[in-house]
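Both complexes shown next keep subunit A, but they swap its partner, so subunit B is in the first and subunit C is in the second.
Take a look at the complex of A and B:
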């Protein structure tokens, strides 16, 4: 374990402890109530962070511009809502079914998305995301259409033991889920699979020359991303006990991308920081003014413009440098070897694999 | 049967022409600069509202039909020069997010100025009636819209394929660096190209507000189908956008007749089928966008 890893563990533990302590009351006040915030805001923040992490896996790590992850998020919410409403599922079953529905959505859409890259890929995610929006919107006898559907939050538990979740205990459950997802995400991006995704971001052609089927890797990344967004959506549905077509909308996808960019793409903690800024900022602004959408929009514009080197680019570079030891770029690879293709690229990917 | 199907086929074609129009504007901007302009719908709506304000201040509809798109071009180019130009050199995700932020701001601003609900905006009386086509009555307004859209497309095609400037524009799509090295002012190209896109959006906005009703979300409602049309027709092909638009319009109108609940989903099914058979789109250039 090197120094940086140690720092990472300490930061992670400190953050989780801080998040756990925030709602605790000292006397009649907690840090949260002093800030006039509700504990469910924190749950929302954690769930949006998971959704933003699902975008991050595609955009930050694999280099695929996904602008449709709200589709999976909304599918998760509807999956949970419909199964609870019509099939009387309990909390855990609802969350699992929501995740599976989102995963199925990814399975259906994925093969089409795989066919393109770059902004074409972004367009496809944008367009395919809307399919589910229209389905939810149009199947109004089943889903409540435009008005959405509300459903009760079932008890949480296993056979033999169960409890009702109020906002406080819900938050701690979310914190647990979040911690598990975070660790899982960390393991994925550091695994050979995750390294290959990052290699695809840096140079897909070289990865293909090495004999790896990049499409397969991207497809799995899409599915993981869909499942993560679906889990977040299912739990978000259980949090607000509601599912609506707007959760599937491209504007919701935009929010997730923005959260990721706010905190920094390609980093594990970026989406968490971004979600904190976004959710709490939105909550504060929307209590102050009716026209909060203007300020959120302005936040987007400023954030994109105020980092001339690119918040995304700078962070990607620094991450690449820290994770791999040296940035993998054409300059670090001997020119002639690079021209001949295979040997240089195997060196580059080998350097990546060694770290994991 | 004919009297039943023919009107909806015509209506579908006109709706499709709108989609094609918006898609061409989007493609122009996307092809040259890689910017997916999510604010395109907002500019469309802006033109509609500007025309509405002009008409309610007493100008004639015809004057507004010309002036509102021009004003939209001015606003659009100002936005492009100030906000989007700094992003051309960066990853396309940034301009995508910027225009997304702009569309959020615009929607709220329209709500503040013109109210959250639709406003009545109707074309002058001369376009109100119908023209008999023998087997059916056809509303004059729709025919007028079809003629204007078709004329604008022809003008655009003439500009792109029959002028020096259009030649440079098309060359820049192939290789921006090369055309710049040969002495063409690339920033001017970007600006004129964006202005063209805005002009198309503006014209579509004014016409659409007469037909579909003017509300803060009108433009965004046209935006998503336009993306689908651009994908079906093939990125980088204006002709493809036209064919794609008409196809989608036709598919929607026919589906509305028989399975009304599926009339939005049908275009996505169409898109999926096209992607399966021909991933680059019907008339797309392979390799232009990966």
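Take a look at the complex of A and C:
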């Protein structure tokens, strides 16, 4: 394990511990309450981070711009809401069904998305996202239409044991889910599969000319992304006990993209940092002014212009640059190394030159 | 006579009204170094792309070991044993030289789709294979550098190593000397010769430099304006009256 990896593990553990400690009360106050923040805002932050990670898998790692991941997020929320409302499902079943519904959404649109790349891929994700939005909007009797649907938060538990989740315990459950998703994401991106995705982002043609069916990889990435966004959406629905068409809307997709870019695309922690800034920033600024979007928008513009790698990405890059030091010159290796590599053939070429 | 490895039968390709390749046929035997030569715009690269599955030809057939692969997707052709390079090196610029080769070796070992990391033994095997490939093109010392930082010539060598990483039977090189200085041209020429002499590979390459082609190839096809002008051994081509008059010019041949 090198130093860089060690620092990464320490930072990851420190971040999770910090997140776990934030709501704890010392006396009658916690860090959170001193900041006038509610614990559910942290749950929201974690869930938006998972949704932004799902966009990151596509854009940051595979190089595919998705403006439709809110569709999976919303499908997750509706999947959970509808199964709880109509089928009396419990908490875990609702979350699983929400995720599966989003995965099915990905299975349906995936084959169409695979046919295009670049800007046309982005437009297709946008268009399919809006299809789901209008279905939720129009299916009045079933989904509550424009007003959305409220549903109760069921007991959390297994046969034989269950508990009522209040906001605090809900948050710790979210922290557990978040940690599992984070580790899973980390395992995926450093696996042979994840490395191939990163190669596709840089040069899909070369990947194909290395004998790999890039479509197969992209399809699986789409499904993983849909399931992640769906899980986040289902849990978000359970957090606010509500599902509405706006959760499927392209504006929501845009928020996920923005969160990812704020923190830094292509890094594991980027979307988490982005989500922290976005959700907490939104909460604080919106208590001060009704036009909070202006300030978030301005922050976004500043980030894109000043830190094109995202806030975390830029920070990490500057650290990495300090670690590496001066680059090695290609010229430091003597030409001799080449000569000794192919003695037989160099003699042959020399002989040919003499002949002519 | 050696076994026929790759065969093109009357391959044609047009773009709109422009006929880029007009009924070109070649037969490449196992173990040969085959060159397709012609001036700019002769249709060399178009023909090459039709052979390698970059796009489908509009007419004719492509056969690999007798199997019709005319409409086969490019990644499947690579699995059969045909790999290729591009005029502008097609690499993963932000990845290191090592990682560039890793993608190819993972593909060859059929583990690219896996979610778990390779075992320690497998990792050793992969690293040894990458070292072997880098040793072949002499890039071992640049292993941990991002490919984008390499010189054009080194990028091309890296791409050749990548095309070898999938264990091909035939390597297709699209203008391997394009944009290189004289010394680097020599390096690539030696590598092409080594592909044949040391690795027993069949090589097909596209080139417009006659000196390079005559020095390396054992079979040559000359294209001009999309059509076949002549076909034969280097001595047949350099003695061909048609090639001399229509395309090369006496001066070029004298220099050779």
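By our rule, the second predicted complex is superposed on the first by the 306 of 356 C-alpha atoms of A that agree within 3 Å, B and C clash if a C-alpha of one lies under 4 Å from a C-alpha of the other, contacts with A are read in each partner's own complex, and residues count from 1 in each chain.
By our rule, a residue touches a chain if its C-beta (ideal position, glycine included) is under 8 Å from a C-beta of that chain, and two chains touch if they have at least 3 such contacts.
Since the model is a prediction, treat every value here as computed from it, not as a measurement.
K.L.:
Between subunit B (first) and subunit C (second), which, if any, makes contact with A:288: first, second, both or neither?
P.N.:
neither
K.L.:
By the touch definition at the top of the document, which applies to A:296: first (subunit B), second (subunit C), both, or neither?
P.N.:
Touch status of A:296: first partner only.
K.L.:
Give one of first, second, both or neither to describe whether A:116 is in contact with subunit B, with subunit C, with both, or with none.
P.N.:
Touch partner of A:116: subunit B, not subunit C.
K.L.:
May I ask you to decide whether A:183 touches subunit B, subunit C, both, or neither, giving the answer as first, second, both or neither?
P.N.:
It touches nothing on subunit B or subunit C.
K.L.:
In the overlaid three-chain picture, which partner chain does A:191 touch, first (subunit B) or second (subunit C), both, or neither?
P.N.:
Second partner only, subunit C.
K.L.:
Quick one: classify A:213 as touching subunit B (first), subunit C (second), both or neither.
P.N.:
The answer is second: A:213 touches subunit C but not subunit B.
K.L.:
Give one of first, second, both or neither to describe whether A:13 is in contact with subunit B, with subunit C, with both, or with none.
P.N.:
neither
K.L.:
Once the two structures are fitted together, what part of subunit A is touched by subunit B and by subunit C alike?
P.N.:
none
K.L.:
In their complex, what parts of subunit A are in touch with subunit B?
P.N.:
59, 65, 67, 112, 115-124, 126-128, 130-131, 134-135, 137-139, 250-251, 254, 257-258, 261, 291, 293-294, 296-301, 304-305, 308, 310, 312-313
K.L.:
For subunit B, which residues are in contact with subunit A within the complex?
P.N.:
30, 34, 36, 38, 83, 86-87, 90-94, 96-98, 100-109, 111-112, 224, 227-228, 230-231, 235, 261-262, 264-265, 268, 271-272, 275-276, 279, 289-290
K.L.:
Which positions of subunit C touch subunit A when the two form their complex?
P.N.:
Per the stated touch rule, the residues are 52, 73-76, 78-79, 83-84, 90-95, 99, 102-104, 106-108, 111-118, 135-136, 138, 141-142, 145, 149-151, 154, 162-163, 165-166, 186-187, 189-191, 193-194, 197-198, 211, 215, 256.
K.L.:
What residues of subunit A sit close enough to touch subunit C in their complex?
P.N.:
Of all residues in subunit A, those touching subunit C are 187-188, 190-193, 195-196, 198-199, 202-203, 205-214, 216-217, 220, 327-328, 330, 332-333, 337-338, 341-342, 344-346, 348-349, 352, 356.
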